[in-house]
Amino acid sequence: MKSSVPSSPRRERGRAHPVLALLTTGTMLLTSACAVANSDAGDAGSADGRTLRVVLTQEPPTLEPCESSLTATGVVVRSNITEPLVEREPTSGKLDPLLATGWRHTSPRTWTFDIRSGVTFQNGQPFTAEDAAFSIDRAVNSDLACNVDGYVFGDEKLEVDAVSPTRLTVTTEKTDPILPLRLSFVEIVPRTTSTEAKVRIPIGTGPYAVTSWQTGVSISLARNANYWGKAPAYPRARYVWRSDAGVRAAMIDKGEADIATALDHTSADTGNTVAYPNNETTALRLDGREAPLDDIRVRKAIGMAVDRKGIIDALLGGLAKPAAQLVPPGVVGHNDDLAPAPYRVAAARALVKQAADDGVPVHRQITLVARNGMFAGISEVAEALQYEMARVGLNVRIRMADTATHLQYQLRPLPRDVGPVALLIMHGNQAGDAAFTTSQYLVSDGPQSTFGTKELDRRIAAADALSGKAREKAFAGVLGYQNETVAQYAYVAHMRGLLGLSPKVRYRPDSATGDEMRLAEVGPAKAGRR
Amino acid sequence: MTPSTLPAPAGTGHPALEVEGLCVDLRTPSGTVRAVNGVGFQVRKGRTLALLGESGCGKSMTALSIAGLLDPTAEVTGGSVKVSGTDVLRLGRSGRRKLAGPVLSIVFQDALTALNPVQPVGRQLAEPFRIHRGMSRRAAREKAVELMTRVGIPEPRLRARAYPHQFSGGMRQRLLIAMAVALDPDVLIADEPTTALDVTVQAQIMRLLRDLQTERDMALVLITHDLAVVAQRADDVVVMYAGNVVETGPVAEVFSRPRHPYTKGLLDSVPEHAVRGRPLPAVPGSPPELSAVPAGCVFQARCPLAQERCAQERPRLTSVGASRSAACHFSEELDRA
Amino acid sequence: MTSFLRKRVISSAIPLVFVVLGVFCLARLTGNPVDLYLPLSATPQQRAEFSAAHGFDDSIPVQLWDYLTNAARLDFGTSLRTGESAGSMVLKAFPVTLQLAGMTMLLAILGALLVGSLAAYRPNSLIDRIAGLLSMTAASIPDFWFAIVGVLVFGVGLDWLPTSGTLGGPEIWVLPIATLLIRPFGVLVQVVRGSMVGALSAPYVKVARSKGADPKRVVFGHALRNSITPVLTVAGDLTVGLVNGAVVVETIFGWPGIGKLMIDSILQRDFAVLQAAVLLTAVTIFALNILVDVCHALIDPRVRQAVPA
Amino acid sequence: MTDPADRPAGVTAPSRQRPPRWWLLLGRDRAAAVAAVILAGVFLVALFGRLFIGDRAVRQDLRASLRPPSLDHGFYGLLGTDVLGRSVLARLVDAAGTTLSVAVPAVLCSLLIGSALGLWAGYHGGMRENVAMRVADVILSFPSLLIAVVVLYVFAPSAMNIVLILAIARVPVYLRTARAESAELRSRLFVDAARTFGTPSRNIIHRHILPIALPTLLTVATLDFCFVMLTESSLSFLGIGIQPPDVSWGLMVAQGRQYLQTAWWIAVLPGVAIVLTTVSATVLAAWVRLATDPAQRWRLTLPRKRRGNRAAVPSEMIA
């Protein structure tokens, strides 16, 4: 602006109305905003009773089937979009045929599966044993670094062979008595799927197919017309996500959603919720390598200091059960004879005192690490545990961490120079066999274990080689032995999930619901569709 | 009738501005004080009245209360202000607004702050026409340019688009005057219109004011502390001290024969009255704080004639000749001296 | 004006470089994301492969150099979480937040000008006191608290508004905007009132009144434009602060905006997305600052003249 | 009306010449007086409250969980209990200390650093001013909440770190304000005069510029006080604010939000505490600003119930 006197009258008019300019911009914003908001209003037409509306806690990072052991992915993908060969009945632990009609152990290292015929993928391609072989190969043997690979197979390599369109053989490196269970985690995709990169939107044989995924907004599914099994009740389904439990509950109460996952008892209307055991167990993992936690009296004292009933009633809405071991009832190897450590403050205090008298530095500060959002009321539970531990004479501080930080504490290599750590963990045994727990949490060099004993390692290895009743008994023994002589864990509770369910729909959640929500099992509450 | 009212000069109809017994209270952190106490005067069309006094004597406050522009801390508590016969103090807000501009107008002293810094001056000059005449933007702008020409702004059409900070002090004062006379008001109050200006410019502005007054036959109230200006420009003068009128009358008479010691003191302090070789006489002391005005005569503390009576009884403004009055117990003595 | 703009833009570019560097280093401080993306039982070899594949095993300067050279070609890397291009993820989320913030500030400024002027017109009047109390309260309510109460009251209790989400008509904007709005509105009302009181006691207002201008003309014709300068400055700062509010609002209401994207990418150690998001936000904030300066110049001719040619 | 000339002017006024005492002025403005009392109360509670409550703020009783406010459970039960059965009253008292010990140092730090830098930069102008302003730009363009999240996750969320982050994030605000004031003042006559006498610039800033800029800076600081408390609360909402067993009002609001439907008192009472404190601080700051500014002081003299009754001059009293 060089001249002090503007040379043209127009310019003055142009700049004389910043308010007007502001208004114009605002109007433009408003209209464009409405345009965005309305862009999928057609799809949103949801209250018609023909779309099943599900609200999740977070948006799935991907829908790649080989990542479906990630809870956020699996809850959408598994048994809705894609299906495995075999599925595990969550309550009994029994294996049911799905895309495989039968299976048998044909040689010590080989299993043979009979493949269902007459099944087609959502893209119209027929499903054969070759697709099954391809899918297993892709998930387990490829360079995709699939989550399911690490989760159920470790570094084991499988040899897969489609003998005929209806017959598949899988050969393991060493005898694997629970291979069918492991394979229940592998979702089947057509052989045309990329092996170079993970897919964002998968194609499967499931009852629903993905019609659209609006990033950040919603995922829409439509009924698969060619589905081989019973057609699901709802022609369409839509997933949205809200991270706040109160908002999810409000959506159910308001009728904006039919199903909401992971509600918490404080904000949910009890009329619209169903509690179910979710196979998760919370416990404090005590780092036995650091004083004062290296003294078993201190570890046992912590077990006795925890007021499980108080915590469950006051903080968990009475939904959980006191725990005495890392696996809940129903999992192979659960020890029915173990009772939760008694809540005895005086005795616990005496134990700590005894240890202190023996020179254990009980006043060294213990860090209680917990993860934000692990379950509803986590910070209150952490505070209660801190208080209860402090009450028996220990010095405890709380560190609330995010997932990444918590993982650093949880996984080997464990962080150094952080002093004694009591890590609040929540373990979910999705597979239903204690072997998945012991190999991670109890073996002395287990990825999520801080220490152990040779004897315990030996017992675990022995149990893992067994099958049937003997296996159950051996693992039960392992769990009892750990409580008695190792005491790495101070258990809190076997948790139960809370599912929001609108009165309009009928659905019975089971222990697998958090990882795998079968939309085909959901129906309208009353007979007769509106 | 309050004694403060001047006897109306012979003539027909109402005076253009007639103020009677005007009282203004001012709230300060330490309490309420009376800033203007029973002030009265009148002006006819074509005549100029000067309100003379030291700063803080209440003359500006008087002007603001006539124009209805007092700050919220000040409040008119008595008296009447008649403009062309209507008592504006009894009017409602919108009634008052109708008069502001076409009937009664005011020129402020600091032209820089009195002009809106973010509006082109042309628009500010056009505003009276837009408000009172309902003119279109374009017609009002033409009028503004005319006005600018009249008050002597060079290149008015171009300069109408400029902003106040782009003008010199004298030009700004011209603009302000132009704005005030835009609608040919009956009464124009000029509140120290030349204080902030150079001496040469002062003369130009005063000349402009006089010309406009003659041209438009306005009653002019000139508020000033400058005796020379009063002597040259005004017909009548009202001398104020600490919120009170101490002397009024035609300028020539008052200045030649002051009947109040304060007026006399003021006149003596002007260099041209001084005698070479003698120290310049000044009115000793300073005016009282408004919160500590004494009970008797307001001027007693500085008055060379003060006596016991002055501390007890406040002198009324009494007639001391044809169309003259003064508020002093000893005005006769002063005249004789 | 153009030279003014050019100078302003050049002097802004240097800080941008520091922002990029700062975010890059801060992100690396949060540790290696390998644990989050590999199965709990992944072998050391798998971890090493993952690190190598995403370049986390290089030294920080090498990583930075790679990042800068790629960024210069507008390639901001790939999201670890979704495998999408970070740039496109950010660009998808950005308009949502921009609209939310734009609407919020527009309403906040207009509303505050109205309420603030009303309050300033008669200082100490009943309106002034009520406006003062309400605005101060509004400015001190925690936003997430307001949001949740809003959902419970207007969403569930009264059933007037949808609880959350972006699916639906214009009514879905009400609660998110109201939540974002309260603080800026509260602060701005006070600022408007303060500067309006100042402007209304200026001599030119007396002059306007001596011309017979009615209150509307006095306030909106004369005082408003003079009092708007501090309002603009504060509004600019508040808009920057809206990014914080957006994190909370988008988290609660499930809006796919940049605030939620940033917090998620921090929690998921999704560095590429975090860096792209912060960079875009920083650029926007710079643009905003320039916009505020330009508005100053538009509103006040004295500022215009002060800018050297 | 009696003869006005007979009434000596100014008798209604107390004949004091010096300005009235500040507490008299304060007493006249009822809102400011109430605000001052509330603030004083909050500070007293924050300073000494912990001496009285003992371990009440952390003493848990899971069997006394979520008791509503009532008179039945003694003094500490007056405001009910939280989900862990702790007395909400005791926690409010305990939290007052923590909240202020975060907010006050954070505001003071940013005020001191920002003002010093800003005054210096504005006074000298040129390169120094430019650099200072660009630093402010850099800090401002980081979304502060997110930086807080990163830093607090990396370096453990201690109260000290929270104070540091909040202080750094707010420095630019003071820096800009102080710079603007100082840049405007440096060209004033009295500063020029001081400069021609050879007064060192540090002294000029201290003696001539700071006193004039201070009221504005203090007003900004009060508003910031509110901002800091709210940000601390937002951090708690994200789980990285004050860490239990310490407690702040922000943390109480954040933790109590899930009990809004079942136990309103947990989240509402600390929210009210935040609102009351910040509103009081703002009211008092506005008052102090008026009272210390000679040109504005008269505003305090306005009688309260004036509107409505028509004064003799029905002017649109525009202040």
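Order as written gives the chain letters A, B, C and D; numbering starts at 1 within each chain.
To be clear about the criterion, a contact is a pair of C-beta atoms (placed from the backbone, for glycine too) under 8 Å apart; a residue touches a chain by one contact, two chains touch by 3 or more.
The UniProt protein names, listed by chain, are A = ABC transporter substrate-binding protein; B = ABC transporter ATP-binding protein; C, D = ABC transporter permease.
For clarity, every value in this text was computed on a predicted model and none was experimentally measured.
Trainee: Relative to the centroid of every protein C-alpha atom displayed, which chain's own C-alpha centroid is closest?
Mentor: Smallest offset from the overall C-alpha mean is found for C.
Trainee: Report which interface contains more C-beta contacts, comparing A-C against A-D.
Mentor: Here the pair linked by more C-beta pairs in contact is A-C.
Trainee: Rounded to the nearest whole Å, what is the centre-to-centre distance of chain A and chain C, using the mean of the C-alpha atoms as each centre?
Mentor: Chain centres of chain A and chain C, defined by C-alpha means, are spaced 35 Å apart.
Trainee: Counting only Cα atoms for the centres, state how far chain A is from chain D in Å.
Mentor: Centre separation, chain A to chain D: 45 Å.
Trainee: For chain B versus chain C, what separation do you get between their C-alpha means, in angstrom?
Mentor: Spacing between the chain centres: roughly 54 Å.
Trainee: With chain centres defined as C-alpha means, what is the inter-centre distance between chain C and chain D in Å?
Mentor: It comes to 23 Å between the two C-alpha centres.
Trainee: Which chain D residues reach two or more other chains?
Mentor: 153, 238, 257, 260-261, 299, 302, 316-319 - these are the residues of chain D that touch more than one other chain.
Trainee: Can you list the residues of chain A that touch 2 or more other chains?
Mentor: 4, 246, 402, 404-405
Trainee: Chain C: which residues touch two or more other chains?
Mentor: Counting only residues that touch two or more other chains, chain C contributes 30-31, 123, 148, 152, 201, 209, 299, 305.
Trainee: Report the residues of chain A in contact with chain D in the complex, numbered from low to high.
Mentor: My answer: residues 245-246, 264, 266-267, 307, 310-311, 313-315, 372-373, 376-377, 379-380, 382-384, 386-387, 397-402, 404-405.
Trainee: Tell me, which parts of chain D touch chain A in their complex?
Mentor: Residues 58, 60, 62-63, 65-66, 83-85, 153, 156-157, 238-240, 243-245, 255, 257-262 of chain D touch chain A in their complex.
Trainee: For chain A, which residues count as touching chain C in their complex?
Mentor: For this pair, the touching residues of chain A are 1-2, 4, 15, 18, 22, 25-26, 29-30, 32-34, 36-38, 40-41, 43-44, 46, 61-62, 69, 145, 147-151, 154-155, 197-198, 200, 215-218, 240-244, 246-247, 250-251, 253-254, 256, 402-405, 407-408, 410-411, 440, 447-448.
Trainee: Enumerate the contact residues on chain C facing chain B in the complex.
Mentor: 123, 201-204, 206-214, 217, 222, 225-226, 299-302, 305
Trainee: Would you pull the chain C residues touching chain A in the complex into a rising list?
Mentor: 1, 4, 30-31, 33, 35-36, 38-43, 46, 49-50, 81-84, 89, 92-93, 95-96, 99, 102-103, 106, 109-110, 148, 151-152, 155-156, 159, 162-170, 172-173, 251-257, 260, 267-269, 295, 297-299, 304-305, 307, 309
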